[in-house]
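Next up: the structures, one after another.
Below, subunit A partners subunit B and then partners subunit C, in two separate complexes.
Up next, the complex of A and B:
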């Protein structure tokens, strides 16, 4: 049903007291309240305060119930008490009963942005993304300050500071971290623009003045270089050098001890290699690392292996042997071994069977009718 | 309270805005320089004094009159506690305009204009938001040299606008156009200074009048 249009006549040019009253026609479709349009539920400050008071009271009650001192009742004690009083078998930890401080439960939100007279507090309120744009404004101001400082130094003929910032150990905040900092949603474009502005600031020679400001947005990255450490040779009672290595292939796990000044004897799980591996292929696999390095008759090997099948055990011992031989050999030869694939763990494992199929890949026989 | 509101309206220049600028100031700030003849907008022809070596020169006498009206209107709006929003899409002067707005205690928008800011404000900002009472454009064109969306939106929402229109701009929907250069740093700094001084003057006068009223 369409509403009616009412228009009361207005007094034109009668100064500030002219009143215009106009009822604009609306349909029932517009009158229906759009529930989702107002956004997530906003909590007022008074509500949060009340929740905090209730939480503190409840904490004391809980302490009394458990027979503990209310003054020294920590959050861990609360968690334990709740787990004891309300045991739950649910898998999701978030779904179990919990009692936490309201600041952790209710997400931090923006409070109302304008005062009683309706004037917003922030001067960039009407842009929509006030924190983000004020951040950009501040950063640009820092760039201008640094440039002004640079100009001053140039006029005084002083040298510009060239201490290089350590870029390797730090990274910028991620988009999610920045969103948490600003309490606002950002787009990828906005985030990349901000990072570009920061990079520009850092690239200026005299950027050391604003070091405090830049550090707010950079994080330390622990150096994660995991260079493979080749263990040094160990010596047993007779003075013979030896080295150990571990290897795996499919489900087989093997450890090998390679001794120097040997005759090429290989023992597997206490038995000789000829008895343990009747098949030539497996013995060839074991000999491959020695053959590659040209040290066939020079080393002895004692290994233990478990799990897997025939070929898997052979592959596992091969890998363990190659790892042990790294200690006897120069770095260049280690690189050659790596390139030959002797030091890489074979990632292939048995693929699982899927429902609706007979095997991992094989489908059931297709019948036309 | 009524006296506070009606008294300024009886004077033609209550805030003595005319003494803030002179013709020489405008000339020194290069306000009279327009774009080339080919960029000329048809509706700016009445405001153009002439054309020299293909460059349009804006008539500074007309600019003086328009600027005086615009500053007077801004002062009245500020006196009555209205919200003034400075808009400009020139990247060069974005920082300057934002700093000017902050210095006056008013608001600025020199970034990408989202479509529903004025027309869809209750959904974008939340219920009970107050819209700006005056829009001041330091440059009426956006980054692609088209008229800024805010001019059309302000006209839709019955919000008066004050705008610096250059020779390639359309002065149609702006309530108080001020023909002048919007590209030179000197000119834009002059405009910012003038607006800042008028707004501060108007707010000071308001506070003084309120103090006087309270004493009575």
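Up next, the complex of A and C:
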């Protein structure tokens, strides 16, 4: 490529607003020699603005093409239209064609931090992590404010407010979220120091006055267990209580019906477990839920299973059985079962084979010559 | 008339007398699941689920062959032979007691799933009959005769048939050990020529025929045939009662894995031993009974889920055995399971701490499915 139009966005002599386009026509060979590794490409403000205008125009064009109203064309409509116009069979969603607002596409970046004369705006610029240190300073100032307020209250002999904020339902920002907020790389040590400062602030009795500031750095933890509804017991004709459960493992799918007042007999697909699972290991898997709850000889079970192999079927039945037993058992025991791993679906499946390798991990035999 | 009172030969006689006097107080009290009743004839329903002891000398005399391998190992480990009294065996005893010996021999076929105790039931019946004074013709495993035979000789008696000298001689040896007493007393009724120079005159004791078979291995199969024919012909006279106990009877009508020299497969009729045994199992003689066991474990070319007589015997075998009394053998009942478990505990076979608890017992019952073989295998490593 002999002639190429480039937009070099880094290292401007001019100020942040007056950014000129420099058209440089060079060969790629020369270009490679001159430009060293300068980090990720930086986008100018004007560039981003132009992208936004183009996006909006494109959105209206797309709405016209699809025969819909340009004014009320939402992002979901855009996604649907693009999927219709450019169907793709790629598995990775990120690799398919997409049309999104430029702010989502281009990552947020720092604007230029120094003025025309080269003098940086922020007083902590030369620390290297200006926003982090400024944040630390701010937090410490808040701590000092709270302590002053506390002293005032003590001198006035007023009771200190002691409303503990609910720490159980919230968590601090993670390191990655903090980095996104500050647009700066942090180290683990920096992050931990910041969290310690925040904890110190929260521990002070009168921290309520700075509640707004603290809330910027805390997040609600989503509800822990999606409350799984445990079905109540059903009763069949003779009045015997029973309950059903489903389970899967690898490619095997199983359903189990557990009856009460039983002798410990188990039937799989119409045959006894001794015949269906001649291997001891599979029978041990089936034994596990009953043994855990201490109800080995008390229930009967009838199950159907299909797909998978020998061990996969055993695992699937185990899961189905545990799920069915939940209805017979107190909530505490359900929690114990969950912690023992009896109620979790095993996510392991066969890994795909990669090209250039013999299997998912195994490489071809390496020959020296 | 033969002496029925002390039917076993001299070596076991002393053992017998000591057993009847030795009783519970001599040792620490055995728990509920043992019974000191050592004579199978006296086992009744109240003994069901309990284990009884067979003195070791008797074991060697009555069962030179025929006990399952794992049971023999257990005898060696525990230094005693304990057999459980179970319902199928009791049923058989009732039938045998009530059978009319003038009628043709009734055939009883013991069948059941793998590992439920068919061979052990057969051995129990054999013990009972030997105590009662019957002549026991015990073939430990008919499958051994139709597979893995190294030497096949063409029979001199009948050109079409093939001899198996090794198996025949082994069987003759064991037969001699178990029934020595009778062999001295039964006389041959015909003259048999074994070759150019050897022959057995009429009226010689059967023991001579057996010795002849052992000495001249080539004619061992013919000796077996002679023994069987003599016994069959003489049993209706009533001087002795004959029990034919065959384990794995479905081998007689299945296929073999043996091949002739020209690589053509051998069918069971072409083997002398099988041919003679088939004649034995036919109910055209009287004065005894035939008890047979079906076995899938050694059988050839049969699926492992087959256990009913029809599946394992095939059409031919079923027709040949046709009027028979089927006796099913099932897994342990809860009572039997408890006594077996208690026995293992008592002999300190279960060493694991958890095996002593109730939970451990429930676990064992679940995992083994109350199947005797599975339980035995499970308890091994514990």
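Note that the second predicted complex is superposed on the first by the 185 of 369 C-alpha atoms of A that agree within 3 Å, B and C clash if a C-alpha of one lies under 4 Å from a C-alpha of the other, contacts with A are read in each partner's own complex, and residues count from 1 in each chain.
The criterion applied here is as follows: a residue touches a chain if its C-beta (ideal position, glycine included) is under 8 Å from a C-beta of that chain, and two chains touch if they have at least 3 such contacts.
Worth saying up front: this structure is predicted, and the values here are computed from it rather than measured.
Applying the stated contact rule after C-alpha superposition, one finds that A:264 touches subunit C and leaves subunit B untouched. Comparing subunit C and subunit B on the residues of subunit A they touch gives the larger count to B.
In the superposed model, A:274 lies in contact with subunit C only, and not with subunit B. Of the two partner chains, subunit C is the only one touched by A:287; subunit B is not. In the superposition on chain A, contact of A:296 is made with subunit C only, not with subunit B. In the superposed pair of complexes, A:70 makes contact with neither subunit B nor subunit C. No residue of subunit A lies at the contact with subunit B in one complex and also at the contact with subunit C in the other.
For subunit A in complex with subunit C, the residues that touch the partner chain are 264, 272-275, 280, 283-284, 287, 290-291, 294, 296-297. Those residues of subunit C that touch subunit A in the complex are listed here as 305, 359, 362-363, 365-367, 369, 371, 374, 378.
Those residues of subunit B that touch subunit A in the complex are listed here as 5-6, 9, 81, 83, 85, 95, 98, 101-102, 105-109, 111, 114, 117, 123-130, 132. Those residues of subunit A that touch subunit B in the complex are listed here as 15-16, 37-39, 112-114, 117-120, 123-129, 133, 137, 140-141, 144.
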